[in-house]
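Some structures are shown below for you to check.
Both of the next two complexes hold chain A, though its partner changes from chain B to chain C.
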Partner chain A sequence: MAAADSPSAALRRRDLCSRGIRLAGKMRSDVIDLLDTYVERQGLDASASVVAVEGVPAAAAERWDKQTGTQRLLDNLAAYRAFRALLAQMLEEQREQLGEADAALGQALAAVLLQVSAFAYHLEELLRLESRGPPSEEGAGPPPLPHLGLFERKLRGLGVLRELAQWAVRSARDLRQLAKPGPGSSSAPSPAESP
Partner chain B sequence: MFSAWNWVAHGLYLLLNIFFLEVSGGLVQSCGHIIPESPVLALGSNFTALCILNESCLDFGNIYANQIIWKIKNRVVPKEQYREINRTVSSVTFNDTSSLATPLTCNILADGQIEQNIYGITVTIGLPPEKPKNLSCIVHQVSKLTYPMTCTWNPGRHTFLDTHFRLKYRWPQENFPDCIPKDVNNSCTITDVQFFVNLEVWVEAANALGKAESDPLVLDPIEIVKPLSPHNLSVNSGILPTVLKLSWENRISAAVMKLKFNIRYRIIGDTNWMQVPPEDTASPRTSFSVQGLRPYTEYVFSIRCMKEDGVGYWSDWSEEKTGVTTEDKPTKGPPIWRIIDASRSPASWTVHLMWKALEPFEANGVILQYEVTVRAKSSLSSPPEKYSVNTTNLTLKLPNGTYEVTVIARNRVGASPPSVLLIPASNSKAPVKNVRTLPKDGKLWVGWTAPNSYVLKYVIEWCLVSNSSDCITEWQNEPGNVQGTYLKGDIKPFKCYLITVYPLYADGQGSGQSVKAYLQQDRPSKGPTVQTKKVGKAEAVLTWNHLTVDEQNGFIRSYTIFYKTIDGNETAVTVDPSKTEYTLSSLTSDTLYTVRMMAYTDEGGRSGPDFTFTTQKFGKGEIEAIVVPVCLAFLLIVLLGVLFCFNKRDLIKKHIWPIVPDPSKSNIAQWSPQVPAKHNFSSKDQMYPEGSFTDVSVVEIEADDKKSFSEQDLKPFDLLKKEKSTSEGHSSGIGGSSCMSSPRQSVSDSDEGEATQNTSSTVQYSTVVLNGYRDQTPVQVFSRSESTQPLLDSEERSEDHAGGGDSATQRQQYFKRNGGQDETNTDRPCFERTKQITPANEGDLVGFAQLQISGQSSQPLGIELEKNTQEAALSDVLQTSTEGQTVRPETVEGSPLSVDEMPKSYLPQTVRQGGYMPQ
Partner chain C sequence: QNLKCVTHNLRKMICTWDVSSKGRRGQTDFCYTTNDLSPPVCFKTKEKRVEIPVPESSTTLTITTNGISGTAFATKEFEIHKKDISFVPLTPRILSLTPDFSTSTLNLKWSDNGSIFPYGLDAFWQIQILRKEAMEKVTQVTYYSKLTHEDIILSWNWTSDMPLECTSHYVKIRCYFNVTQFVGPKDWSDWSPVEEVPGKDTEPNGSGVFPQDTVVAVGSDVTICCVHEEGQQIQRMTYGSEIYPMIHLSSRSSAIRVLNASASDTSGTNVVCILSEDGMDGTVLFVGYAPDIPQNLSCETSNFLVIKCTWKPGRPSGLYGKRRTNYSLFERISGKNVSCEINEMNRERVCGFPVLADQKTYDFILGVSNPIGQTESSLLVDLTQRVHPKTPEKLTVSGNSSTSVHLRWFINGSFAEIRLLCQIEISGGHYERKLHNVSMPGGKFSTYTAQLNALHPYTKYQLRVRCSAADHFWRWSGWSRIEEHTTLEA
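Let's look at the complex of A and B:
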């Protein structure tokens, strides 16, 4: 924690939190826009319910308010690494499926993928500031996806995006919690701030 | 012979080896090559090239490295730069590649004569790339989700080589593909960037001589965003007439950035923008109410935005939208003034009321009408007259008096406060003083000194004074606490304005004080046209007309008259501008002068046309002074001549047309003293009919017989003189040749009554002339002669004799009587007689008086009397100086000749005097 105690580390941490929160906000905004585009382009029903997608971490946490800051960061990092892989696969599938015909959807997916990647970088940096260091990605990614049909892939994509939107909200709250000054940065947030 | 053929064969072989030594598979193999092949060299560096000859050429061509010649283009490289490394390799070294050029060739002198090319290379010279500098980036928002980032940099110096620039960027954990500029070398655009992650950006420049990288730029692209301006701006009028509400849409997500705004606005037609205080719009929003606006005014609005924290760039201003505030009541009444025309009737006025339309910011709406109320102050009981007009003037005919005029402007919302103008019966209050003007800042400022009394307000009237147009009055109101103002109108330069200031009091009005002014003066547009009114010998009176107001362009400060002769210097005279006439003096007479005139304002002068005139040769009165005396002298001479001729008329007459007596008409019988001549005339005609001669005798006289004029002979002559002094008037001569006695003595005068009475006792001869001489009317005259001598041949002869009296041998002929006596008297008798009279006693004067009576004219006599008096005096002198010669005084006086010649003139005198010629 020595690094976290230095003023520069505190500034760096605050800056990372601040920009992470805004990035999460933008990511959510973009994902919601992307959802609309995706549903439209993929011919899906916006109200279609999607069961939990395998490999997609759930944003909801039963004891969110009890989590420490590090735990929050680790959960976030695991989730976004998973999203990064899922979105990359979706982008690949989308290119295979639509080719360059729907460049806007591909660009939007690529932009969200970049943001997910950037957010993961934020989380890794914060973990470094926590003197924790990011865990290795080896084995941390989602298991190899089973071969799915086209429609299933569409539904899975819809589920990924919806969950990502949820995570964006949660991540913003997690980072706000982390950004609060004081030694209790890694302590559990108050129940009032729980989502 | 063999040697020659050998050389020829060798040469051919060499050529074939050099150029086409061996053709194998379409490739040409040369006799050597250069290392390095087509190098790229840094400008200013040193460079060494090697030319390596093929071994095969050595055997057949007999060529070696020492025969190699290096050339740059066609220029031979100095031998000092060569080095023969071995028999097949030659090197050349350049210390500075700037002296290099393409191609660099390796050549050889075959047989020491023929230069042949072995190989050549292309040398490329350039510079390594410089480190790109001043890298900067900006993210332009082009749509809601698209944020391309454009980075620019300074590529550095020109490298003369193909240099590639790449914009590199990366996240700490992720690299992105390079951005490669298209067509330019100093900017590149990354199509999309992600915010909230630091991006490291740098530029890499590379060419054949190396590569260089700029300093990296680490930034979060969100900090360099230039967002799109808000759009769909709308302006809505609110409830209040001073408020407009703006609404818009932002085109950047709040999740990306929070915005702050600038709102600017202006009145339409105005160029100056006003801005809503930035602190009022420093937070994210999509609407704003602008307050403090003018009622019924159209405004133009525009808005822009940027990141809330001020990091980044302002967007462009949005499209402009207009909105109009609602109407409100006019804030003030229209300024009012009047022009009173009292010329038509002394008892009533024609009052032209005029007021100015309210400014838009005062009208606060559309003025629908003006309500004018005129109330006579003198008769408070009478109701006020009310008028509703749509124009800004009203003409009323009012009796003389004091009136209060009120004007109200009304729009849809309500009425303005009233404007009140008091029209007094007379402008009896104190006027302003010291009205002055001053051009300032392109406007005309009018100042005045306020009167001592409290002034409610001032009215400044002005109009443009011009010959071509009437004075159209403009006016403006000023509050009573000022003493100067700028004229609010289109005041033109170089034009004359008449400005009048009126003070308005609560109970009256002061008379106007006027001043003329120019906003800007210029030289007059033309000069005065000068001309002469009167030209004299040494002076000329010049006149000119004043320039018209339109020509003056300013206040005429002076006139200057320039005048000169053709070859003389120009003389300038400054004249007061009020004058229209000037007299040039001290001019040279009879000289051509050129005169012109300049009119000066404060800004300079302009000359009028030249005018020439010539001064007169003579001054006023000079001609008269010369001509009058000359004329007088001429007249005098003429008069004297006339007098002279009159005096000498007998002589002249005799010379020109002498009267020849008609002997045929002579009648001696009738010519008797006892018989009155009158009685004989009729009988004479009867007795001597025309053309008949009676008795003609001719007497010849030796007139020059001096001996006959002895002293003794002269004695009786003296006696005769005495007798003559008393009776001369009674004597008569033929032909009337005596100037004094001719009228009576002349036959033609025929005063026979007197002639008869004057007949002396001496023998008298009669002469009868039948025919007239020359043009004279023949007169049959009975004439008598006092001479006792017989008649001579003719009077001409005697005349000749008298003229040449000194001729002793000349004979004189008398026609019946000795007319020569009379003829000799033509010159002398008068003088002789006066000579006799002057020394004589009073008895002699009696005779002279008789002569006067007998004369036809008294004037010659008078003159002759004067002459006689002078001559008498002279004779006195002579008498006293020549004592003992008193016998001959008349001789001395009778002729101006010398004393020695005197005796020559005795004969005719004696004949005349005595009427007797001794024979």
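Let's look at the complex of A and C:
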């Protein structure tokens, strides 16, 4: 893991973290808005329970407080890479199913996809600071789209967006942990903090 | 007693009888007369049933029942006339019962066994459809055909009012041949054994909501079912936001019936099946309209390279994305077909078709289709009579004279086949606005020129130009930009 941070690296990381936190906050509010639009436009029941969607990493982490900084970044990056692929699938389906009929929903989806991509890039930047660099994306392509009926796809989309909203909250918390002036190595476990 | 003779093929008949049950019986001696001249035909049988030829008019049957030891026990004679013989066709044999799940249609095929009957007999087939676990009768239909003295495979389709996946469907068939020359009683055959198309509620992993993601016309009555696992219960089924009463089909399947379905939103109407233990399944129904006949179909060319057809789409179909209405332009003379890229959201519909070498007349059929229906509109045009040139460009006005000006402009397009009529509007000087018409041979992506005389010296003029086809006027192009010019002093 990285030797003790040089002052400039620590400053750079703190800057990236705070910008990341703002990005996560913006993303979360946009995802919440998108969720409302999605539920309404897809004719879903907002309270519909959705089973865990395959290919969507769970935001709730066991022993969240025991995680190292690098582990947090790696988990976050894996999640947002998965969300990037899932949102791209949703956008593709949206175009296939509705064409230009629901441009508003399509644009909102595309906007969130952009933010997710930006956030993933941001996380890669942070990992580069760890001088280990982000893992390559080879073979990490999107999970094959299981053959689902349209209603199941609608529910799956709902599950993806709900989980993304959760992740945005978790990412902000993870980045706050990272931003704390720690013992210098972000691979050391962070001081206990309730998630 | 109770001697009965039945024929299935008008040539042979099967006679059956009863024997009083007292004492143990041995073989039976059976004799029948074929005609008055020849001796009776006799044989022994253990059965109380024989197959013998159908007599021309009548026959005498003699039945002698023997005891175990072979001694004659009782003899009885029967006079059988043609009118005493019943005609009952053989039970029809179903060859195949094939489901088409996408259209909820059953296709039944059976053989009419016509080869054993004379040509031209009227045949009636009663077909019964049954459904659900309780095999309730859904419908009974009579199908008519004529026998042709050959074995013909008959085929019949039936479309169910509910998806075939919802529950098992059964079919059976019987027949009646109207043999007019047969004097005896005629009756329906027995019902065939039942043929089954199993529903998904009989399959281990058959659960789901059906039909899956289908398209129906506004106003349709639709049956939607929820097939679930054994032991699960359906708590409710909703169509859109409304809870519907459920129809029990089987222990693993219930349905709702939506009457006079109204148009769905862009993303379709969700049909949700809420199951016990937080289970949920669903499908999406797209309710829309068949395409309207395109109105005001019009085709023109602005450059003799592409023909642009426009039309009014009429009532929106309410179907989008891959269920949207598709348009294609087919030209009958050349046989060429072009599919049109249409954006459903904008009202104007435009489709381009290439101008074909050496073809002046175009016989268009605009084909329109979506999952609910199709229609078309047609138009015959002579292209030289549908020229709508593009707006003239690069207008320049020059002249080193005090009373005339020289105009030059460019039109994007190939008009070599026609003459152009151009109109020059000049304003300024003493007159508010004056129009000058000039006609000239069309050119290929050409620059055109004209001259205006009798102008006033040292006067500022504004000029612009537009063009159209000279011989068969169709539409003016747009006006070019205005150019200003001041004539020289006198």
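Throughout what follows, the second predicted complex is superposed on the first by the 181 of 195 C-alpha atoms of A that agree within 3 Å, B and C clash if a C-alpha of one lies under 4 Å from a C-alpha of the other, contacts with A are read in each partner's own complex, and residues count from 1 in each chain.
Quick note on the criterion: a residue touches a chain if its C-beta (ideal position, glycine included) is under 8 Å from a C-beta of that chain, and two chains touch if they have at least 3 such contacts.
In this text, all values refer to a predicted model and were calculated from it rather than measured experimentally.
Superposition of the two structures on chain A shows chain C fitting alongside chain B with no clash. By the document's definition of touching, of the two partners only chain C reaches A:97; chain B does not. Once chain A of one complex is fitted onto chain A of the other, the partner contacts of A:180 are absent, as it touches neither chain B nor chain C.
Applying the stated contact rule after C-alpha superposition, one finds that A:124 touches chain B and leaves chain C untouched.
Applying the stated contact rule after C-alpha superposition, one finds that A:150 touches chain C and leaves chain B untouched.
With both structures placed on the common chain, the touch criterion links A:12 to neither chain B nor chain C.
In the overlay built on the shared chain, the residue A:49 is in contact with chain C alone; chain B does not reach it. Once the two complexes are laid over each other on the shared chain, residue contacts for A:29 go to chain B alone; chain C is not touched. Between chain B and chain C, the smallest C-alpha to C-alpha distance in the superposed model amounts to 13 Å. Shared contact residues of chain A, touching chain B in one structure and chain C in the other, are absent. Residue ranges of chain C in contact with chain A, taken from their complex: 208-209, 212-213, 240, 265-272, 278, 280-284, 320-322, 324, 343-345. The touching residues of chain B, when paired with chain A in their complex, are 145, 171-174, 192, 194-197, 220, 222, 253, 255-256. Of all the residues in chain A, the ones that touch chain C in their complex are 41-45, 48-49, 95-103, 149-152, 154-155.
Residue ranges on chain A touching chain B, taken from their complex, read 19-20, 22-23, 25-26, 28-30, 33, 107-108, 111, 114-115, 117-118, 121-122, 124.
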